[in-house]
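We call the chains A, B, C and D, going by the order they appear; numbering starts again at 1 in every chain.
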Amino acid sequence: MDILQILLSESFWAASLRIATPLIFGVLGALLCEKSGVLNLGIEGIFAAGAMCGWMAVWLGAGLWGGVLVAALAGAFFGLIHGILTVPLGLSQHVSGLGVTLFATSLSYFTYRTALPTVTSPPRIEPFRALDIPILSDIPFLGPVVFQQTAMTMLALAMVLLVWYVLNRTALGVALQAVGDNPDSVDAQGLSVYGLRIGAVMAGSALMALGGAFLTMSAFDAFFFGMVNGRGWICIALVIFASWRPGKALLGALLFGAFDALQVRLQTEVGAMVPGQVFLMAPYVLSIIALVLAARRAEYPRALLTPWFKGQR
Amino acid sequence: GTVKVAAIYTLPVEQQWISRIHLALNAAKDRGEIDYVFSENVANTDYERVMREYAEQGVQLVVGEVFGLERAARKVAADYPETGFLMGSSFGPVAPNFSVFDNWIHEPSYLSGMVAGASTESNVIGMVGGYAIPEVNRLMNAFMEGARATNPEVKFLVNFIDSWYDPPKAKESAFAMMDAGADIMFAERFGVADAAVERGVKAVGNVIDTSADYPNTILTSALWHMEPTIDRAIAAVAGGTFEAADYGQYSFMGYGGGSLVVDESLVSAEVLAEVEKTEESIMEGMFRVNVNDDRPVSDK
Amino acid sequence: MRIEPRNAPSRLMTLGVPVLSAVIALALAAIPLALAGADITVAYGEMVKGVFGSMFAFSEMLTRATPLMFTGLAAALAFRAKLWNIGAEGQLYLGAMAAVAIGAGAVDIPGIFLIPLIIILGAAAGAAGMAVPALLKTRFGADEVVTTLLLNFIILIFVQMMLEGALKDPMGLGWPQSAPILDQGMLPQLMPRMRMHSGLILALVLAGVAQFMLARSVWGFRLRAVGENAAAARHAGIGVNRSLFGVAILSGGLAGLAGVSEVAGLKGYLTADLSPGFGYTGIVVAMLAGLSPVGVVISALFIASVFVGADSMSRAMGVSSYLADLVVAMSLLCVLVGGFVARYRITRSKPAARAA
Amino acid sequence: MTQPKILSLNALSKRFGSVVANDSVSLELHRGEVLALLGENGAGKTTLMNMLFGHYMPDGGSIDVAAPSGDMQPLPLGHPQAALSAGIGMVHQHFTLAENLSALDNITLGSEPLFSLRRDRAGARAKVQGIMTRTGLTAPLDTPVGKLSVGERQRVEILKALYRDARILVLDEPTAVLTPQEADTLFENIGAMTRDGLSVIFISHKLREVLAFSHRIAVLRHGVKVGEIATSDADQRVIARMMVGEDTPTPTRAAMKPGAPVLALSGLGLRSHAARDSLTDVNLTVHAHEILGIAGVSGNGQSALAAVISGLRRPDSGSIQVDGVEILNPDPKVMIKAGVGRIPEDRHHDGIVGAMSVAENMIIERLDDPLVQTNGLLNRHAIAANAKTLSQSYDVRGPGPDAPARLLSGGNIQKLILARVFEQNARLILANQPIRGLDMGAAAEVSRRLLEARAAGAGVLLISEDLDEILGLADRIMVIHDGQLTEISSRNREDIGLKMAGEHT
């Protein structure tokens, strides 16, 4: 199979979208946080928490959508911690984020192991299955690529629209963009800087957790330690690549997914000639290159990383 | 009385390889033969400390894997001659108390390869691995050799995802191989058999038996049984006769350390017969499966 | 309610609050312990025993603290200049890789030459690893948080590639690991039968030197000025990019030394799982230390004690060993909040009774 | 006053640490009235208004606002939202605009329910347009605010308040960034609105405006209200005495013959994506014994000019000569070495490293000096001794040379910077807004030092937005507008004002 053939195949693009799904959730989440002015390096841990909690809820009988809800709540909980530490308390967003990652990861692992001490093979749940939407999935090419995915992938795509809509078409979104640019502007208009920021971090973290939940409830049907495997960190890079725009976030996640999908296909092809690690490394290298290219044009939310205190100047 | 046993694993007990040791030890515990404690996910940096802690606590037998710290582990053993050590290792035993084992199930792997080779229709078999370590390579190579024995035409697609635990990634890797024509998947990692189920192709299990989880999918599995190894070591400790030895052979089929299960509803009788014949020769020592630790690569 | 900075936090505050927060964190650890069904008082006893119970336990804690001192220093210096080096993990591996590349038989010279050579090359490799993001930052404005973070993955995969390729030990029975460093290249042990090695001494000396240089040298002056107010530093004629680059090199070098110390002091050879996240924990260590080099030593000892103590306790109590990481995480969050309390005060302004 | 009372501040007090910003201040405002609030920098004007608007929580006192029915009702304190709904609108001293949003979004921000999926943009636009035609305050509604000029931003700020149906409008130094003509238009518009019942409190340092447009004047000094007077009874002298408490002597400027050129810029050009950061063909010469004043409305290239002379930015074209020597690779260090002393516009941001000690800030520009260092190590005793002498001779007061510089008050920070600059016997002194934010004593001290330097043979380039400061100190005056410099020989405020607005008459 040559590259062209791969790139033209439906299954390749379906795989790209599938691989991209957790990243879409994650980038959107990171985007929401950063739009409001808060960098959230807790993402990697929040992914793990979402993966564990969502799965655990389903396993305990909450039903799949119950699991999604539980994962989102867990994400929001860790978002709340990060939000309180970095917004009213104004602590270092880097350190708080890394702290939340450590906390969320270890708490999830500890909980999982304490609840399931003696398993040898991880218990499984009945995960989201690929949909077969009557008319849509029969559309040539687009049908199999987009409409025969699981409900969570649909949810991720819907979230892109929702986040875009909220940010650009609602009063809340305008306020969020304002608080990330100049907190004084919302304070002067009687809105709460703390409320908006903490809210954004919680909502963003909930989205991140859905990225994790996708791994255990859609991409797979069980929870494993370490299965997040750096996906959260990738989102932090993709946000910059996306210049904090939901549409470009989707594009970035899809590109990354496509590259990963291509990578596994090419590795089997030329694996004998090139060390496999070259392929594994490539997405990260490309991310850095994209970052360098985007950095000049990137319009950082002006207040990113800067704490704001009420009644202080 | 009961023997005090502690296990130290560098990965969580869900990892297939480790789960087999854990299973054997739990069985012994349930039989009341041992007191069993374990530490999982111990970083190599901490491994030596944990070994010493257990030894200090008066544990009589320490089980684990020292592939990342062969030298240091032997030093610890020398410091605690009263404690027995039974460790997964690529090197040899050291007197008086350091014994080694490994998952030598290349024999059933070869046999499972024979089944796969005979069963593939596209003549393409996909293999998704975690890391290309000898442990894994050995089984993959034996499998490939077995498949070629029944089907000289067969081609292999090989991929390593560089992670022990990323089932979604393993799954994607498997999908890619099926896209490229593979109709049988060698499931070294979690996730591969799941992909096979979704696409309705067959898979071959490794180390553990997952056929119940994937009905109508697992053609055959090469299983590893740690019981012969563990039970012997426990008995030796209990009897005060534990000494440095290579327990590797107890993973061979001859000792019941390795076995093959075949889903007879999925495999034709002729193939079954041929596999059984080879199995017998292995048991009788008339046929030796090659040990090849090199990284397997895709056929071009 | 208002948050006001304290003008001059008292000494008691700056010292007492972190200690108090650590105590609170340990108290909070009782919750997961209780949930896991362990006897709390026994557990704390085990925790203390795990660190101070024997010379061995204590030396193990020091051994665990050693790499954290290096990575903590790496983070502290860089963060002082507001250079957010999240890449100590990768730089650690680069240092370790350089150490085995030169020390595992590439040259066979006496230890008094080989050891310094290993140290210098390891530091240089780490420095080179940080030079890249520093360059991308100063040249292209690429955010170093992201580049250093991504480089960690790239370097780790590169290490795996090397361990299956150029650096693979021909005698390693196929395992992806490097050949061992020659005996004369190993950092001397500090005590018989203990893993503690002279990397610890090196870390302590470097912490002292860094402390002195920061406070007393022109270099340290520039670094502090750049970190506290880059605009003013630039206005005053200090080469901001130059200072940033300099500290990047230093920070990378220190992280590289963590790798050297782990391979040449402890393990002898390199595997891809050399570090259980020392680079990331170093950031935590540095922040707890308030970015002071001597403070790094103390907080590395603290984190190592918490980890080793909790780890050993989890074993003694039969609770999941993930507890150790959980206790470390809770300590970090508590000490963070504690640091806030020491620097700010929350005042409750009571509005006067309103005129009717 | 026949009009009913609409607002009363009752004995408001506010402390910041040891600073008493407001001490039991009471004020009343009537419907349709324009009240001017005066006071020196730091007198507590902004603080008082911030309490009114709910940004700050008062330590004591209360506020009553007239409800639409006319009854006075207590205003919940510390909630901007409450102030807004009580009909109080505030235009802050510093812009509170989100630059990534359009003017329309900035104006409607916070006025709509947050959790609604719809916005009535058309309705909002119509309402804003209505206000714009009624008041004559116009601004492009769909351009991101970051791309608007300062004057346009100021109008957006006022539109924001009016959009919220403010009945009481607080304007904190609304004209600081406007030309005199723009300021007049603004006040005329406001005057028209007060006839419709709007009440206004405005803060200004420009006595001319105060006398021309207010009905009543209240004066704060050191946080205490020291007086109130009907504008018809006031004149400049009366107000100045109320503000300062006494008459302060203004430094006198002796005539002096200019010497050789110390700074010559020719054909200087600087491109930038923001128009207000560019320079076009700038030519100027500063001689020894001369103060050249650069007047202009802020945001017309002053920062760019200062940045070039400080060495912070490299010009795209043209040449810089200091003391007759061409500077080829300008950077801050080179400029310092060449003999340029720089007093930056934003002293907190560019002038000091707040976390470092006063002593360290005093030597930060001369780290290579053997007095300061030997072999790369700091001479701590020499540095301490230096700090002690400089603190004495420049009267830098504060918690001491070892304390972080951020603890100094604004005036003392400026003195620290002066000490640093003057100790190097600079040939050229770039003084960018050197007096802004200083009280009269400190301001007089800075002026005295600048004149002293001029007498000693230095050239001074004085950039200021305050015409009085320029008229008082400069030997020659140039006006900067839109990145271009024009020399002006007239010393008439009206003429200079026109030039500042960019009229080429």
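Everything below uses one rule, namely that a contact is a pair of C-beta atoms (placed from the backbone, for glycine too) under 8 Å apart; a residue touches a chain by one contact, two chains touch by 3 or more.
The chain list, named the UniProt way, goes like this: A, C = ABC transporter permease; D = ABC transporter ATP-binding protein.
These numbers were taken from a predicted model, which means no experiment stands behind them.
Looking at subunit C (ABC transporter permease) and subunit D, the chains that touch each of them are A. The count of contacting C-beta pairs peaks for the chain pair A-C. The centroid of the Cα atoms in subunit B and the matching centroid in subunit D are 75 Å apart.
Subunit A (ABC transporter permease) and subunit B have Cα centroids separated by 35 Å. Measuring from the averaged C-alpha position of subunit A (ABC transporter permease) to that of subunit D gives a distance of 44 Å. In subunit C (ABC transporter permease), 2, 4, 157, 160, 164, 322 are the positions where the chain touches two or more neighbouring chains simultaneously. Subunit B has residues 41, 132, 162 in contact with two or more other chains. The multi-chain contact residues of subunit D, meaning those touching 2 or more other chains, are 57. Of all possible chain pairings, those that touch are A-B, A-C, A-D, B-C, C-D.
Chain contact summary for the complex, subunit B toward subunit A (ABC transporter permease): residues 12-14, 19, 22-23, 26, 41, 126, 132, 157-160, 162-169, 171-173, 175-177, 179-180, 190-191, 194, 198, 208, 210, 213, 297-298, 300.
Those residues of subunit C (ABC transporter permease) that touch subunit B in the shared complex are 54, 56, 60, 63-64, 157, 160, 164, 172-177, 180, 193, 195, 262, 266-268, 271, 273-276, 308, 311-312, 314-316, 318, 321-322. Per the touch definition, subunit A (ABC transporter permease) reaches subunit C (ABC transporter permease) in the complex via residues 39, 41, 81, 85, 88-92, 94-96, 98-100, 102-103, 105-107, 109-110, 113-114, 117, 230, 233, 236-237, 240, 275, 277-278, 280-281, 284-285, 287-288, 291-292, 295-296, 309-312. Every residue of subunit A (ABC transporter permease) that touches subunit B in the complex is listed here, in rising order: 1, 9, 11-12, 15, 18-19, 22, 113, 118-122, 124, 130, 215, 219-222, 224-227, 229, 260-261, 264-265, 267-269, 271-272, 276-277, 280.
Residues of subunit C (ABC transporter permease) that touch subunit A (ABC transporter permease) in their complex: 2-4, 32, 35-36, 84, 86, 136, 140-143, 145-147, 149-151, 153-154, 157-158, 160-161, 164-165, 280, 283-284, 287, 319-320, 322-323, 325-326, 328-330, 332-333, 336-337, 339-340.
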